[in-house]
Amino acid sequence: MSKITSLTDAIHEYVHDGDSVALEGFTHLIPYAAGHEIMRQGRRDLALVRMTPDLIYDQMIGMGCARKLTFSWGGNPGVGSLHRFRDAVEKRWPHPLEIDERSHASMAAAYTAGAAGLPMGILRGFVGSDLPKYNPNIRFVECPFTGEKLAATPAINPDVSIIHAQKADRKGNVLLWGIVGVQKEAVLSAKRCIVTVEEIVDTLNAPPNACVLPSWVVDAVCEVPGGAFPSYSDGYYDRDNAVYIEWDSISKDRDAFSEWMKFHVMETNNFEEFRERLES
Amino acid sequence: MSKITSLTDAIHEYVHDGDSVALEGFTHLIPYAAGHEIMRQGRRDLALVRMTPDLIYDQMIGMGCARKLTFSWGGNPGVGSLHRFRDAVEKRWPHPLEIDERSHASMAAAYTAGAAGLPMGILRGFVGSDLPKYNPNIRFVECPFTGEKLAATPAINPDVSIIHAQKADRKGNVLLWGIVGVQKEAVLSAKRCIVTVEEIVDTLNAPPNACVLPSWVVDAVCEVPGGAFPSYSDGYYDRDNAVYIEWDSISKDRDAFSEWMKFHVMETNNFEEFRERLES
Amino acid sequence: MKEATPTEMMTIVAARRLKNRATCFVGIGIPSMASNLARLTHAPEIVLIYESGTVGAKPTILPLSIGDGELAETADAVVSTPEIFAYWLQGGRVDIGFLGAAQVDRFANLNSTVIGDYASPKVRLPGAGGAPEIAALAKETLVIIKHSSRSLVDRVDFITSAGYLDGGDARQKAGLRGGPSAVITDLGVLVPEEGANELVVEQLHPGVSRERIQEATGWELRFSDTVSETEEPTDSELSVLRNLIARTESARAR
Amino acid sequence: MKEATPTEMMTIVAARRLKNRATCFVGIGIPSMASNLARLTHAPEIVLIYESGTVGAKPTILPLSIGDGELAETADAVVSTPEIFAYWLQGGRVDIGFLGAAQVDRFANLNSTVIGDYASPKVRLPGAGGAPEIAALAKETLVIIKHSSRSLVDRVDFITSAGYLDGGDARQKAGLRGGPSAVITDLGVLVPEEGANELVVEQLHPGVSRERIQEATGWELRFSDTVSETEEPTDSELSVLRNLIARTESARAR
């Protein structure tokens, strides 16, 4: 299989039922097209990982792809709840969802540890919080120099990480810029990794010290223009806030949600067709 | 005192006898001018910190500024020994030098911890090495998730860090690029910090995700063109390898060293005069 | 000028607490509005850090999400998420953190996790986000919340972010410094009483009576000896804020 | 073509061990020369990582320092020093690490710290640098050292970087994988014998006798059953290497 491939083939080859899967992107560059393709291909029992689940995980949870969610903030930014996520946790619909709930700082430290080949990240955190009472994945270590108690968070090492970036070159080197979130860490902590990009170019012309992922750490690069919609790609298009707002009413009702997903995602062949149906 | 100031004033105000002082720069952007000014002002009992001591620390150690050195590699890159460093350790000249010796990876983790407000950094390191037998600053912690033994290194938090960068704007925001080493961490881990720059410009025009230090984390910015000589500044001048090679013979002999330092550094008023005497 | 709405009031009261050159760790919504209002009025050199990794953002319009392109474009530096939490928040560089929550209790503990039981919650809230570490590591935090007896409660159902825990020196004993310096609501301002660290009313917004604020609070409120009426928003505060919002809305409509 | 010098021989023998697409953590000197030679001959897609933070450097001339501008300009990515050690070396992305040392012993342990006693050394060497972690974390390491009875010793004065420790499975028991796969000298190539992990001679360079290599070694050497003579450098290897060096020297003279 060549490194530069179609999204369909990449998801088929690298995302398997039961995998732990991280789709990262902090508001910016969220890999929506890849999330849709995972649903289209009917993946099940995924252990989803993401700091801020966002709409794409709401959809995947509602469609029954996920058995578990590792996360730190599950809301619709600036709008309110993720109703499918809530329904899964509150009413176990479409089935129960195991949660591994942390904080942003500890998720970031956990990805960092994963990328750095360490079994845990350490941070000053969780003191006084009730989270450690409910999450056995939050523990504490003692500093052998000062005796201080520090929080420890187990490394995140997904079976597969997926990110969206602005550009790749024909060899599969990837360039992203702007708000880069934990994407580098998500890629470097994963066993396998897929990158969707706005475009494939002859040369990246990356500025010094830019966030570049060399092709040999990436398994598949897929050209998917607009693949972060309704999130955004700095330099390409803005966030479509209306979609985020509309999602609130679509997702509130189970039937309305299922129908919307069927029409827009499951019955389309790819992200382009999804966009067409959405805009028609 | 204004943020943008002369190097003389900055060293006078921020570097005190007895301080722990880190001058960082990995081959590139080594703050030579600042090191010279510290010697000119006759600072004593400094606890020097630097991954790769290089010629500038060889000079400071030989001139008797240092009581202690925290480091991971003390050689003249591509040339051989740092003779003044060796003389201090082997023969206690001009006086004994306490050493806290680590490895690159642990120094990097220690600066990172210092910048991150943690008392220690953790790494996979030192297993099987004799260094932990001699350095009580290398200890081990157990991962509460996997039971693995990981090396711990105490955070580095210098009293003052000094780096050289390419540019600052008139507000004192600093931009560096190319091989950036541990400079950001050195600055963010320090109580006080001085940055010398090649030039002060109206606007930085920093590319996205560039290494920028906002003015409010920097205490003093000093315009010192060529201030990294004989190291280099990417975009300004190359490394002067001849100076590195010549240093070997200058520094081998105590008297030759002392005379050279007196004439070139101690009897000059600033880095510009040093350069003139060197080239004459 | 038209009277301030409750949201405007909260925003202006919060903005007034921000000193020039303060470093603020800012979330979306009122915190972002308040700190940008401060930046456009009395605190031009305030430093805004958003958890998406933008340091020194100077947006001309308000961001809708924490990671809007506007923030990255106007920032002094854009760093990764691990770095923003490790070097900038945990590194001790944040003077003031803003926090919202579904519930705050009499010792200023915050809940943004669940209403009801954790394992089978009545309402599953979005969760912690950056809050526990902001609450623990900022030198000072400001809590902004709409006043009601469901949001200001005697005991939060779940402590997501530590305030003063059981009150007194419990927070300090747990090894935490800082803490909430004020809870700003649409009715007034509550501050932790020295020593006990129980929230007491320090300010009542114009037209709000002691009875009204008590009625909207889930515990028996105490009032500071120096309780005062909040100064009316000035015309300048109101017009800068309203211009900012109008600018934001017109930019978003495009 | 003029016969290979000892340094050229070491360089060529090291280069031959580098497979295409291998990721190499490279130091200055012979390692840099060898891996660039490999890149310019049989391994065009080899990935060179220098500890100064350059990933995928493709220098046209040899760097004199580990942080030459040439490395940054030709690299795919230039990252910070903490990142290069944490994400790239410790993260398990390095196939082959190169190490030099002042001393190597019969179990391939390396000393670059002191000759004599640590507290008052006869010779203070530069120290560890990146070596202990390269030795521990690269999937495989190659040691390059000039052969003499002072450098190939029965026991190193100080273990800076772990080889096979006391031999046998000592390294594995200590929790380390990988390990030195070869010690390449100007006289031959030594490899750890399976099981015992004692260095035995596997190759002798052309014209080097068993007696000569034994004389230059500080312990009683054993020879592999399959000991062979190193293949002569080809004209192509020699000319590419000499061109690279000439190009480097002429660039430096400018």
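Letters are used for the chains, namely A, B, C and D, taken in the order the chains are written, and counting of residues starts over at 1 for each.
The rule is simple: a contact is a pair of C-beta atoms (placed from the backbone, for glycine too) under 8 Å apart; a residue touches a chain by one contact, two chains touch by 3 or more.
Fair warning: this is a prediction, and the values are worked out from it, not measured in the lab.
Student: I need the common contact partners of chain A and chain C, sorted by label.
Tutor: Looking at chain C and chain A together, the chains touching each of them are B.
Student: Hey, if chain C just vanished and nothing shifted, what pieces would we be looking at?
Tutor: Result with chain C masked: one piece.
Student: If you average the Cα atoms per chain, which one ends up farthest from chain C?
Tutor: Comparing chain centres, D lies farthest from chain C.
Student: Whole-Å distance, chain A centre to chain B centre, using C-alpha means?
Tutor: Chain centroid spacing, chain A to chain B, equals 40 Å.
Student: Could you work out how far the Cα centre of chain C sits from that of chain D, in whole Å?
Tutor: 57
Student: Which parts of chain D, given as residue numbers and ranges, touch two or more other chains?
Tutor: Only 72, 78, 86, 90, 137 qualify.
Student: Hunt down the residues of chain B that sit against at least two other chains at once, touch-wise.
Tutor: Each of 112, 117-118, 123-124, 148, 178, 180, 184-185, 208-211, 234 in chain B touches at least two other chains.
Student: Can you give me every chain pair that touches, using the contact definition above?
Tutor: Taking the chains two at a time, the touching pairs are A-B, A-C, A-D, B-C, B-D.
Student: Of all residues in chain A, which touch chain D in the complex?
Tutor: 112, 115-118, 173, 184-185, 188, 206, 208-210, 212-214, 216-217
Student: Given the complex with chain B, which residues does chain D contribute to the contact?
Tutor: 28-29, 51-54, 64-69, 71-72, 78, 80-82, 85-86, 89-90, 109, 113, 118-133, 136-137, 158-162, 165, 171, 174-176, 252
Student: For chain B, which residues count as touching chain D in their complex?
Tutor: 26-28, 51-52, 71-75, 77-78, 81-82, 85-86, 89-90, 101-105, 108-109, 111-112, 123-131, 134, 148-149, 178-182, 184-185, 211, 232, 234, 238-239, 241
Student: Please output the residues of chain A touching chain B within their complex, sorted ascending.
Tutor: Against chain B, chain A makes touches at 117-120, 122-124, 137, 139-146, 148, 150, 152, 154, 177-178, 180, 207-211, 234.
Student: Tell me, which parts of chain D touch chain A in their complex?
Tutor: Residues 21, 23, 47, 55-56, 72, 76-79, 86-87, 90-93, 137 of chain D touch chain A in their complex.
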